[in-house]
Every structure is written in C-alpha cells, then in structure tokens.
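Structures incoming, each one as structure tokens.
One chain, subunit A, appears in both complexes that follow, with subunit B as partner in the first and subunit C in the second.
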Partner chain A sequence: MPIILWTDALVFLLVACAIGAGFYVNRREYLLASWRRVGESRAGMASLTVLAAFIAVGLLDSLHYRPRLDDVPGRTTANGYGSEVRSALDALLQPLRSGTEKTYSAPLATHLYAKETVELPDGSQTRVFPRLQHGGAHLENPEQDWGKDVAARTVQGLALAVLAALTFSAIVVQAAALRWGLGWQATWRRIWRGETQFAWNAVLAALAVLMLLAGPVISLAGGYHVFGTDKVGQDVLYLTLKSIRTGLVIGTITTLSMLPFAVALGIVAGYRGGWIDDLIQYLYTTLNSIPSVLLIAASVLMVQVAIDTHPDWFATAAQRADARLLALCLILGVTSWTGLCRLLRAETLKLRELEYVQAAQAFGASASRIMGRHILPNVMHIVLIAVVMDFSGLVLAEAVLSYIGIGVDPSTISFGTMINTARLELAREPVVWWSLIAAFAFMFVLVLAANLFSDAVRDAFDPRVAGRRVAAVAQEKAA
Partner chain B sequence: MLAYIIRRLLYAIPILIGVNLLTFTLFFVVNTPDDMARMQLGIKRVTPEAIQKWKAERGYDKPLLYNGTAEGAGKITRTIFFEKSVKLFVFDFGRADDGRDIGHEIRMRMGPSLAIAVPAFILGLFVTISFALLLAFFRATYLDFWGVVMCVAMMSISSLFYIIGGQYLVSKVWHLVPISGYAGGLDAGRFLLLPVLISVVAGIGSSTRWYRTIFLEEIGKDYVRTARAKGLSEMAVLFRHVLKNAMIPILTGAVVVIPLLFMGSLLIESFFGIPGLGSYTIDAINAQDFAVVRSMVFIGSVLYIAGLLLTDLSYTLVDPRVRLQ
Partner chain C sequence: MSLLRVESLQTSLAGAAGVVRAVDDVTFEVAAGETFALLGESGCGKSMTALSLMRLLPDAGSIVGGRVLLGGRDLLALSESEMREVRGSELAMIFQEPATSLNPVLSVGEQIVEVLERHASINGTAARRRALELVAAVGIPDPERRLDEYPFQLSGGMKQRVMIAMALAGDPALLIADEPTTALDVTIQAQVLELLGQIQRSRGMGMLLITHDLGIVSQLAQRVGVMYAGELVEIADRAAFFASPKHPYSNKLFAALPRPERRGAMLETIPGSVPPLSAMFAGCRFAERCPSAWARCRDEGPAWHTAGESHAVRCHLFDPTAPDEEGSSRITAASPLQVTDKETPPPQADTSLLEVSDLKVHFPIRQGVFKRVVGQVKAVDGVSLRLTLGRTLALVGESGCGKTTVGKAILQLLQPSGGNVRFAGEELTSLSPARLRALRADMQIVFQDPYGSLDPRMRVGDIIEEGMAALGTASGLAVRDRQIDEMMARVGLSSEMRGRYPHEFSGGQRQRIAIARALAVAPRLLVCDEPTSALDVSVQAQILNLLKELQATLGLAYLFITHNIGVVEYLAHEVAVMYLGRIVERGGVREILNDPKHPYTEALLSAVPRLDADSGRPVIVLKGDMPSPARPPAGCHFHPRCPRAMPQCSVGYPAETQLGGGRSVCCYLYEQIRS
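After this line comes the complex of A and B, so read on.
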C-alpha cells in the first residue's frame, strides 16, 4: 500500500516545480543565457553531477509504502498491512537493511568487534571474536580467503564501473557527434579538451569518479558490511544512504516553506512603503532579534510537547517522525526568511523608482500586477541565489540541532542522529571510528557539492559579478 | 549622538515587547501549562492532583492574562503573563525547575562563557583578516586559488567534526590538554586552549572567503588605483587604504555579535564541559526547563539589539561620512 508522507508530497511538489521552471526557462532566451553560464562552469557541473546522485538516492527514499503482511496466522492488523513504513530505497537495499549483526563490526570485517563467551564442544568456555551472521558469511575459511575475496570483489566492481563509465561516455559522445555533425574522434577531442559550451568533460569526469567509487562498494556490499556496523549492528552504509534524504528534505523544504512569505512580504514592504513597510520591518526585526538556535529550540520543544501529548494524531511511528521533520523544516523556515526578506525589500525599493515601473504605473496597472509582473521577475535572481546558498548551511545545521536534541526525531535516520549516537565511540577502547567518519564524509561531499554549485549559480546570476565579467572582457579587448 | 542613542533605545522597547509576546504565546498559549506538566511528569499515569501540584510549585496555576478572583491591581499582576513574562523586563527571571535562581545562575556562568568566547572572537577575527589579506595580496595566483579551495572545503566540514576530531586528536591521542572540564583562575588556561583553538579553526573557512571578497571589491575601486599611481607600495596600499575601507562591512558582521558573546557557544561548551551559559541552555533544552529557555531567549534578544546599536555607533568611528541623527 503506497503511503505519501507529508514531506514526500512536498518533495514531489518541489520536483514538479523544478520541472515546470525548467520548461519555463527553456522558452526564454534571456533566462537561458544565465543558465548556460552555469553550464560553462566546470566546478559547478561536476558538483551538480554529484548532487544529482544524492538527489536520486533521496527521491528513491521518498517513495514510501507499507508492505503487505504475509498471511501469518495470529499476525493480523486492521487492514492487512504492516505498520512499518518502507521506501523504495529500503527495498533496493533489503540485504543491507535486514542484515543486522549483534553489535559493532569493523568495515569489511568477518568477525564481531567485541569478544563473546562461547561454549566449546567439550563444555569449556572461551572468549573469542564470533563470526558475523552476514558480513563475510559466505567465506569457508575467513583467515585465508578474506583478502582474496575482497580483492576479487573490488576488481570486479571496478571493472563494472569502468565499463559503465565508458558506455555512458560513449552514448554522450555519440549524441554530440550526431548533433554537431562531427566525427567520433573530433567530438571526443572537443569534449575532452573542454572546448564545448556546456562543461561535458566535468560531468563525465565526475560521473566516472562516482562510478569508480560506487562500483567496488556495491560489489563488496553483497558480502560484507562495507562501512562496518554500529552499536546495535545496523549496517553503516545503509544508515548513511538513508540520511541523505533527511538532509535533502531539510535543505530544500525549509527554503520552499519560507519562500512565499519572504518574497511576498519583501516585495510588498518595498513597493508599498508607509505603515505596511514599518509593520513588516518590525516583524522581521523582532524575529531576527531572537537568537535563532533559541527560537528553534523553543519552537521544537513546543512541537514535541504537542506531538507527545497527542499520540492519536499519527497512525504509524514513521508518520510521527515525519511530522516532526516537517515541523523542523517549517521552524527553520520561520527563523531564516528574514534575511531574504530584507534583501528583497531593499531591491524592490530600488526597482520601484525605475522608469519601467513608472511607465507601468502611468498605464494604470494595479499595484498587485506591477509587483507580480514587473518586480517579481526582476528579483528572482536574488531568490534563486538565496535558495542555493541556504541549502548547505541547512544540511550542516541539521546535524548540530540533532546533536543538541532539538533536531529530527531520534528514530529518523539522519547525519545528525548518526553523529549523535556515535560521538562517544571515539572515547571507547578500541576506538570505533567508522560510523562517525562515514557520516562526516557523506555530509562533507554533499555540502561541498552544494557549496560549489551555489557558487556557480551565484557567479552566473549575480549582476555585480556579471558586471565584473563584462569589465574584464572589455579590458582584455582593450589590451 | 545622545539623542540618537536614546531614540534607538526607545525603538528597542516595541521589539522586546514583541519578543516577549512571541515567547509567551509559544510557551503558554500553544501548549498550556497542563501539557507541560504532563510532559514533565510522564504522559501516562498522571493524576490531575499531580498536575495541579506541579503547576502550583512553579506558579503556573494562575490565569493567563486576567485574574478575576484577585483584588485591585492583582487582577493584572497575579497572572502568568505578568509574573513570567513582564518581570523579564526588569531581569527578574524567577526560578528554574530545579528550584535554583536563574539570575544567580546566569551571573555565575557568564565568566566561563566569556573566557572562551572573547579570546576566540578576537583571535578568530585577527586570523581570518590576516588570511584574507594574504589571499588578496596574492590575488589571481595559485596561492589565492588553492586558498579559496581550502576555504570552501573547510566551510563544508561540519563544526561537529572540528570539535570531535580536535578533542580526539589533541586530548586523547596526544594527551596535550584535558579532554574536558573547567577550573577557575590561572588554571583555566589548560582547559580553554583547545576550545578556543577549535572555534577559531571552525570559523576560518567562511570568514576568510567573505573578507577576501570584501577586500577584492575594495581593491577594484578608483582610489586604490590613485594610491598605486602615487607610487605607494602594494603593502602600503593594502594596509593603509584597502584595510581601512574594508573595515566598514567587516564591522557590520563582527560588532553585532560582540554582545552575544555573553551567551557562549552551545556546542563547544557542552562538548568540553565548560560551565557557561551555552551549556546551561543546552541542559535546559534537554531537561525541557522552559523557565530557563524563556529567560535565555529574552537575554539573547536584548543582547542582539544592543549589538545593532553598537554596530551603528561603530560606523561613526570608522567612517567619518556617517552621521547619526
């Protein structure tokens, strides 16, 4: 039975908006020009490729359903469906999800990380590292075969990755060759040397690196816990992949939820002026003056009290956790719209005095029409830059907030909850480092890609940067 | 000048009233004291008497806004709004859930918070401005390029990583400083070294990049070209002209946080076991001690407004063109 959680609905709404915006931009040359500049940026396109991989995982993880229970006698629920909510990603990663061990095990290990007392056949007891139930379970003799098996699987994964990367590159080159009417080799050379408008070489290189990393991991994950297991024996790779969706949801839904307020209030305040302006300014100064962590803490505590005192609102634990995630997004949105609102107000104040707005006024266009048709399109670049710049900060904020205890529900898998549960593991003897490192590494790659992409977008859309570029070109020509 | 300050202080009053109303709504209207009591005492098996007792102990058993049963002025003053919210204006914070006086606790914890926040702030500002100047001096070279790459990488790393990693490496592996804790007097240095260092390092990435942009914007201006045309050395141009003018946008960001240094850093203090206001806030959040959170929200906004005022005043110091009226 498919289930659409609140955040799922918003994620798909966002995807629909993005596709719609894509069509809108595609038909307008002046908007397309800026996006072409984004496409020229190698760092931007490489990071976009990485982001796309993350987004694909996140979208797969947003297709939720409740699995039908097999007709086991004695296990009946109200409607024949389990109360556990799963996603398409869970189904894909079924072996990882269900392959839990007893407790910690190191990456690619065949034995548990803690000694256990085992009874020998002769009745005596001894303390050994027991074999894992899933990691390396296929090996007859782990001491001998482990190295060979890992190497074989890595090579196999790498070979598949190279094959996949080459196939994809070939498809791209073939398509480009047909389009440009060039020979295969000439096309390849053009792409490789970066002589194309769109930074195809960056995309292909990033994709190849991604595949070379993912290939061995996928191939090894069939027999081992590639990143080890955590305290309760869950596969760390599975946890990190599940965390991606939470990070993406917080980074995007938060901005989505605050955009309407920030845009509408900012433009109205700037265009109308007078007491409306005073009121809106008062509103955002007040909100701004509360330190955001404390405002978030206060709001999250309140939401938590509301959720905890009304357990009857939610059918499943996943829905409750989802409600808390959504609430967190909305709260973060409430605390973060003020900056964008102030920017838009200032820009509208400037635009309001320009001739084309005065012309519209002279034609008798209504205020709402001027704001919607004339001012809004001309401040959209600020909105876009704010959206992409906010994303990485929000992903980082989630981890901190979850650590403080005012982030997502503890049952929601996220980078923050992973770090929070793993933070004492470095103090253990021997040290358990893999879950912390895995969480930090994935978060780092996601945030770095987002930062690089947002830089590319800002460089392409910010008129101040664009002005500098024009000046530079003029200087070059003069020289 | 004085008139300006007084007017700004008067402007602060409606904002503080707004903050107060907002927190009041959040803490007492959205969730009633009954909800809070049930939360504190456990959701299940809670008797109405226990809730009444909990509320009476903390003074939550009065009406929200208007007390019809009281006499005279008591109709207004013997309410939750007056006792819990209005009294914040005279910095009367009442008692925390564990019965301790919040005002006393805040005064005690201010010292350790400042002992970390002030050195971290000054050192951080110095380090990031130096780095940014260095990158601006070597602009459009490989040093600049890789410096910016480093900055972007450093700002993509979670602050939790700096703290956890630093603590692990410096305290656990190298045994240079204690892992956590705090002591008064001169002994505090040992405990403060690592937290200060980590907060500086964690801030380098984004601040350096931001300051570098500011410097580069200034370097492109005409007066800089004039200064070079006069034959000044690049160093003199950078320090005497660019740095001075770039201080205006840098100050906007820096001065506003000075008063907030009192609040301490939530993460650093809780990781290093420093008994400051940051860890106080975290403990209160975890214990769901609403009285403390409410007090901290109020203090935070007072300090923020003070920061805005300080920013405006500092403009007159660094930019003679700005006149406050």
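After this line comes the complex of A and C, so read on.
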C-alpha cells in the first residue's frame, strides 16, 4: 500500500516545481543564457553530477509504502498491511537492511568487534570473537580466503564500473555525434578537450569516478558490511544512504518554507516603505536578536510535546517521525528567512527608484502588479543564489541540531543522529571509528558538491561576477 | 618637435563576441602648449586611446601595435615600474566622473600630498604648502580650510578642480582630460573649461582633450581629430575644421546639432549605427552610413589626403588621383537646409491643457530617534506653468533645480505639498485614485535614461502592452496586438522586434521603445524628462525628429525638461527657466534666447559652449555653486552668485514682473524699470 508522508508530498511538489521552472526558463532567453553559463562551468557540472546521484538516492527513499503481510499468517493487521513503512530504497537494499548483526563489526570484517562467551561443543565456555551472521558468512575459512575474496570482489566491481562508465560515455558520444553530424572520433575529441558549450567532459569524468567508487562497494556489499555495523548491528552503509534523504529534505523544504516569508516581506517592505517597512524591519530585527538555537530548541520541544501527547494523530511510527522532521524544517525556515528578506528589501529599495518602475506607476499600475511583474523577476537571481547557498548550511545545521538533541526524531536516520551516537563510540576502547567516518565522508561530499554548484550558479547569475568572468574567459581565448 | 607623437596605435579588447579593435591605426601629434581635441561619439575609441597612452587599459585590453613617443621616449617600451614614474609626473589624466575619482575616506589635502611625495619628492610642511598653492591655483576659495575637507563635503565642480590640482601636482608635460566636464552643469562647466584653458596657457602644457561636444572643442582646442569606429578620420586646425568640415561624418555631426535656424526643418540624421568593431573592414568604416559613398568606398580603405592647409581627411572624396567625375561631384557641403518656418500658430487662450499654479513639493528632513521634522527641502517652491495642446514648453535649469520634480509632481508620481495642477479641467491634486487612474492615459512620461526605464526582464511587446493592460485602453487581444504593431511602426521599429529583450537594442532604439510605450495609451500630454541627454548627437537628432513629427501628427503637448539649450532652441515654443525650485523667467523661445532678461538666464545662455567661439560673445562665468534647496539664501535665491546683485536682493524675493507678450521675470532690475 503506497504511503505518502508529508515530506514526500513536499519533495515531489519541489520536483514538480523544478520541472515547471525548467519549462519556464526554456522559453526565456535571458534566463536560459544564465543557465548556459552554469552549464559551461566544469566544477559546477561535476558537482551537479554528484548532487544528482545524491538526489536520486533521496528520491528513491521518498517513495514509501507499507508491505503486505500475507506471507506471515496470523500476524496481519486489520487491513492486511504491516505497520512498518518502507521505501523503494529499503526494498533495493533489502539484504543490507535485514542483514543485521549482534553488535559492532569493523568494515569488511568477518568477526564481531566484541568478544563473546560461547559454549563449545564439549560444554566448556570460552571468550572469542564470534563469526558474523552475514558479513563474510559465505567464507568457509575466513583466515585464508578473506583477502582473496575481497580482492576478487573489488576487481569484479571495478570491471563492472569501467564497463558501465564506458557504456554511458558511448551513449552520450553517440547522441552528440548524431546531433552535431560529426564522426565518432571527432565528437569524442571535442568532448574530451572541452570544446563543447556544455561541460560534458566534467559530467563524464565525475560519473566515471562515481562509478569506480560505487562499483567495488556494490560488489563487496553482497558479502560484507562495507562500512561495518553499528551498536545494534545495523549496516552503516545502509544508515548513511538513508541519511541522505533526511539531509536533502532539511536542505530543500526549509528553503521552501522560508521563501514566502523572505520574498513577500522583503519586497513589500522595500516597495511600500513607511510604517509597513518599519513593522517588517522590527519583526526581523527582533527575530534576529534571539539566539537561534534557543528559539529552535524551544519550538522543537513544543512540537515534540504536542506529538507525544497525541499518539492517535499518526497511524505509524514513520509518520510520527516524519511529522517531527517537517516541523523541524518549518521551524528552521521561520527562523532563517531574515537574511534573505534583508537582502531583498535593499534590492527592492534600489529597484523602486528605477525609471521603469516609475513608468509603470505613471500607467496607474497597481502596487501588487508592479511588485509581481517588475520587481520580483528582477530579484529572482538573488533568491536563486541564496537558495543554493543556504542548502549546504542547512544540511550542516541539521547535523548540529541533532547532535545537541533537538533535531530530528531519534528513530529517523540522519547524519546528525549518526554523529550523535558516534560520540559514545569514540570514547570506547578500542575505538569504533567507522560510523563517524562514513557519515562524515558522505556529508562532506554532499556539502562540497552543493557549495561548488552554488558557486557556479552565483557566478552565472550575479551580474557583477558574471561580467568579470566573461571578460576573463574572453581574454583567455584571445591569448 | 612635438611633445607627444602617437604612431599607428592599435589597441584591442577581448570581448565575448571576439576581439574588438577599439583603437585601430591612430596617428597624431600634440605640440607643447597645444590643445588637441579628440572628438567622437560614444564607442568610437577615444577613451581607449587615452587609456592606451597612460597604459591603464582594463584587463581585457592590450596594445597590439604602434608607438607612443613622449618627448622622444617610447612609452610602450617602458617597464611597468618606469611607466609608474611617467604617470603623474609627465603624463597626467583627469577623468569624467569627479565623484568617483577621489577616495572618499582621505581628505583632499592628503590625496594631493600623496602625489607630491611620489613625484615631486617633497614631504611634510613643504608638501602641504605646495598643495595649498595648487588648490588656490585651481580657483578653490578658502584653500586652507578645503584642504582638510573630505570629498563628500565638496560639490561636483569643486571635486573636478581638486582632480585638476592633483593632475598638476606632478607638473606634467601633457594633461589628458577625458570628458572633463560631461558630468557637470553648464555654468560649472564654463568655470572648469576656463580654468583648464588658463592653466594650459600659463604652464605651456600640452593637452589632449577628449570630448563629444563640438562646442567645447571650439572653445578650448587648437587642433581637432575626429574619430569614428576606432579610426581617426579627420585632423585639422580648429578654424579650418569649423569653417568647413571635410569628412562626410564630420559634416553629418554638424548637421545633426539642433540649432535655432533649423526650427521647422528636420534635423540631419545618420542612418544606421556604428559597425561593431569586432568585424573586419574591407573598405571605409563609414561607407554604410555615408550619403556620398560609392563602390570604391566599400572595397578599399581610404588613405590620408590633404584638404587644404593643415587639414587631412581619410576619405576617397579627397583623393587627388581619383577620376574627377566620381569625386568632385559628390562633395557635399553641410547639407543645405530648407527652412520652412511654418510655426504652428499660437492657439487660442481657452485651449489650455495643463495649468499649474503655485506648485510646491517639499521633502521633510527628519532627524533623531523619533524622526522629527527639522526642516524642509524645498525642491519645488511655487511653480506656475501653462501648456496648451500642440505646443512645447521647455523647462530649463541645472541639475538640482527641481525641474524633474516638477514633472513628476504634475503627473502625481510625487505628492505635491501645495498648489494646484489642473489638467483638462480636472484638479489632479484632489482627485480620487480611481479618477486619477482614468486620467493617467492622457498624460505620460519619457525618462532620461533609456537603459533604466525599460524592465530588462520583459519583452519589448510586453513593455509596450503594459500601459494598455494596466489602463484597459484597448480591449481584446487582437486589437491590442494590432495597436502594438502600429506603435512600433510609428516610432520606426519593425514589429518583428516585439519578441526581443531591451538589452538587444541600442540607446536610441530603447528611447524609441520608451516613447512607443508612452504613446500606446494615446496621451495628450507627454512629459519628456531629458529624453536625449544620454544619447549621442546623431541619435539625439533622430529622437528630436521623431518627437517633432509626433507632435505635428498627433497634436501632443510636450513638457520638455532639459538643460540642453540647443534642444530648447530647436524644439520649444515657450521656455521657463528654473533656479532653485522657482521659475525665474518665462516667455516665448525667441525672446528668451535672444534677449534674456534675468541675470541667471543670461549667464546660463552665455555659458553654453558655442561653435562660433571667436564671435567675441562674452562668457559670464558665475561664481560658486548652486546653494542647497534645504537652506536657500534669503531674498532672491540667485543673489549670492549674481553679477548684478543690489542691496535689496538679499532682503526679499522679487515679485513676478510682466514684460508684455506673455513674458515675465522675477528680478528687481525690471521691477525698477517698470515703476
């Protein structure tokens, strides 16, 4: 039975918005020109490729359903569906999800990380590192075969990755060759040397690197816990993949909930002036002077109390956790619109004095029409730049908030909760380092890609930066 | 031997569309003690030439070839550190915009002393003494105090004087002045031009003057070089040049200038636009726009030919080896004008369209925590005007006198603080917003800056449609569609351009779009707020012709706000001269321009640089700057600067004196005569 959580609905609304914006941009030459400049940026396109991989994982993880339980007679609920909500990603990662161990195990290990007392066949007891139930379970003799098996699987994964990368490149080159009417080799040379407008070589290179990393991981994940397991034996690779959705949701839905405040209030304050401006300025100055962590903590705790006292509102635990995630997004949004609002107010103050706005006033155009037709389109580049730049900050903010315990629901898997549990693991002897490293690596790559992409977007849309860049590129070409 | 010798200088800029040859094979000389003027329209490469001489090109620019010899030394062969030694001490430059050429966080004195320490190697009190001398030399009153002031405390004219003082600090042999007065008002321009001329004469300095204004050239230069599309096309002595410009482009420039003797006739325009400098040129660069071009002009670039004593032209027309029947018959002098002075007869008194009486716009000055009103900026303080259908009233004045505010207050874009505006019998100041909206279709405005007045995110068709949609003048999409096409045709644009965005158009085309937008709602009154001041002369002529034609066919009334006297002479029927928020003199255009009564009008008219600089007409140079409208002087606002001030002028503001024939003036000089 498909389940649409609140955040799922918003995520797909965002996807729909993005597709709609794509069509809108496609019909407007001046916007298309800016996006083409984004497409020319190698760093931007490489990071967009990485981001796209993250987004694909996040979207897969946003398709939720409740599995039918008819295969377990006697345990069906009233309507025949389990109370557990799963996603398409869970279904794909079924072996990882269900292959839990007892407790910690190191990456690619065959034995547990902790000694256990086991009873020997002769009745005596001894403390050993027991074999894992799933990790390396196919090995008869792990001491001898482990190295060989890991190497074999890595090579196999790499080979598959190379094959996949080549196939994909071939498809792109073939399509490009057909489009440009060039020969295979000429097309390949053009793409490889970066003579194309769109930075195809960056996309292909980024994809190849991604595949070369993913190939061995997928191949090894068939028999091992590639990133080890956590305290309750869950696969850390599975946890990090699940965390991606949480990070993306926080980064995007927060922005979505902040935009109406920032855009509407900023433009109205700048355009109307007078007491309206005073009121809005007062509002955001006050909001800004409250320590944001305090405000967020208070709001989150209030929401949590409300959720805890009304268990009847939610049919499943997942829906409850999702409500808390959504609440966190909204709270972060409500507290973070001030910066953008201030920027937009200042820009509107400038635009208001421009002559085309006055010309519209001379036509008796209404204030809302002027704000909608003349001011909004002319501040959109600021909004866009702010949105992509805020994204990475919000992903990091989630980690910090979850770490101090006012973030997402403890049952929601996120980078923040992973880091929070890693706090105790690092204090343990011998140290358990893999879950922190895994969370750190994934979050780092996500945020870095988002930052590089936002730089490319800013370069393309900020008129001052764009002008400078065009001059520099032109000079390069001349030289 | 000449002081500066530029030999086939070539500078190129790397642009998005490819390499732009901004300066191509430019050769000229400047002798010591001589002023050489580089004349040309925007984008012709004259500023790039100056920057190439200083080797201060933008990052994208580079000097590709040629030599620049200053006192026999090739500047292009110097290292950057040697060049730094040359800049400021041998070569100095004054820029166009004094407001941004001074560092706002350093006092004026510090900035001058900095140059002295670098180039004259004097420090401490000696440097300060020298700075004082320099500041006094450029005519800044009270130099002791001014030296410690910051740029924001100085007016635009003062700042330009400081810039000149800084340029003189290194005692340069050659001064490059890049449009030194373009950002200044006419009366201030007169002050600065006089100063430049005087300094140049007394120091025997060479000066390279870069300008687009023929009047300034005539007043200041000894020799003239005309630039077009990166090339010099004509070099001549001033007298020879103004007596008979030879190159067809120079001829066209003269013909495009609005002048009183051309009233009633169309101005000459240059068809087409300057070709993009990234193109390769086979023939003459002006051939596409030249009325006397023939086949040879398109195939072969012209060489320099002499055309009289110290007069050289780059044009095939003057090739002595050319066959006679091709060349001589084509030489066109400044095109003959058919002056058909059919003025529209002065209409009857009862057709008055707009009547403004005692209009006041005051802006409160607020201070303190509670924003208490501590004073008023009296931007407009009691202005009365009258305008009838089919006529043009020019509102003339310098920047800051409140003329734009008058225009906006008439259209109710600003709330007047007092007075009445009657438009077609309706009192606008007390009209309900809904009634006012209905009347908006009757009165429209065209702004000064064609780049700021069109929304960059809207297509041209949508821009023109906006007024119709907002006012609901044309119902039905098909009707509106047809009207947009009509409007575009009327202002000389083709309807295929509807789908384009404003940035794809040139300045003149944008101004046409702005006019089409205003006309789309069929107004009867058009307020034109300096519609041509951001445009080149040849483009200005096109817009003035268009306005004139529209008035003739549609019977529009224009309130023409401007500081350009030439445009007033050409277009206006009546003139009102404003000074510091009040009208000081009004009347018919001929009476006012030929026989100004008010001392301010007199000074304003005499300060406009004229083409006939040697006519012996005295230039009245006013002292000081316009006072702030927040604290106008007591009595007559003009008396602190007035050369004919009397004791009573500082006591009370003079009443309006009627001089007959619809003329009036606010000055005690004429009150006495009458009484």
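Heads up, the rule we're going with is that the second predicted complex is superposed on the first by the 462 of 479 C-alpha atoms of A that agree within 3 Å, B and C clash if a C-alpha of one lies under 4 Å from a C-alpha of the other, contacts with A are read in each partner's own complex, and residues count from 1 in each chain.
By definition in this document, a contact is a pair of C-beta atoms (placed from the backbone, for glycine too) under 8 Å apart; a residue touches a chain by one contact, two chains touch by 3 or more.
Keep in mind the model is a prediction, meaning the values are calculated, not measured.
Within the superposed three-chain model, A:443 lies in touch with subunit B and out of touch with subunit C [touch as defined at top].
Contacts of A:451 after superposition: subunit B is touched, whereas subunit C is not reached.
Legend: residue contacts after superposition of the two complexes on their common chain; A:427 is shown touching subunit B, with no touch to subunit C.
Subunit A has more of its residues touched by B than by the other of subunit B and subunit C. Of the two partner chains placed by superposition, A:120 touches none, neither subunit B nor subunit C. In the superposed model, A:364 makes contact with subunit C only, not with subunit B.
Comparing which residues of subunit A touch subunit B with which touch subunit C, the overlap is empty.
Residues 14-15, 18-19, 22-23, 26-27, 30-31, 35-36, 38-39, 43, 152-153, 155-161, 164, 167-168, 172, 220, 260, 263, 266-267, 270, 281-282, 285-286, 288, 290, 293-294, 296-297, 300-301, 304-305 of subunit B touch subunit A in their complex.
For subunit A in complex with subunit C, the touching residues are 29-30, 354-356, 358-366, 369, 373-374, 377-378, 470-472, 474-475, 477-478. Note for the complex: subunit A touches subunit B at residues 282, 285-291, 293-295, 297-299, 301-302, 305-306, 308-309, 311, 392, 396, 399-400, 403-406, 415, 419, 423, 426-427, 436, 440, 443-444, 447-448, 451-452, 455, 468. Only residues 12, 14-16, 19, 58-60, 62, 408, 411, 413, 436-437, 440, 443-445, 447-449, 452-458, 466-467, 470-471, 501, 503, 514, 517-518, 521 of subunit C touch subunit A when the two sit together in their complex.
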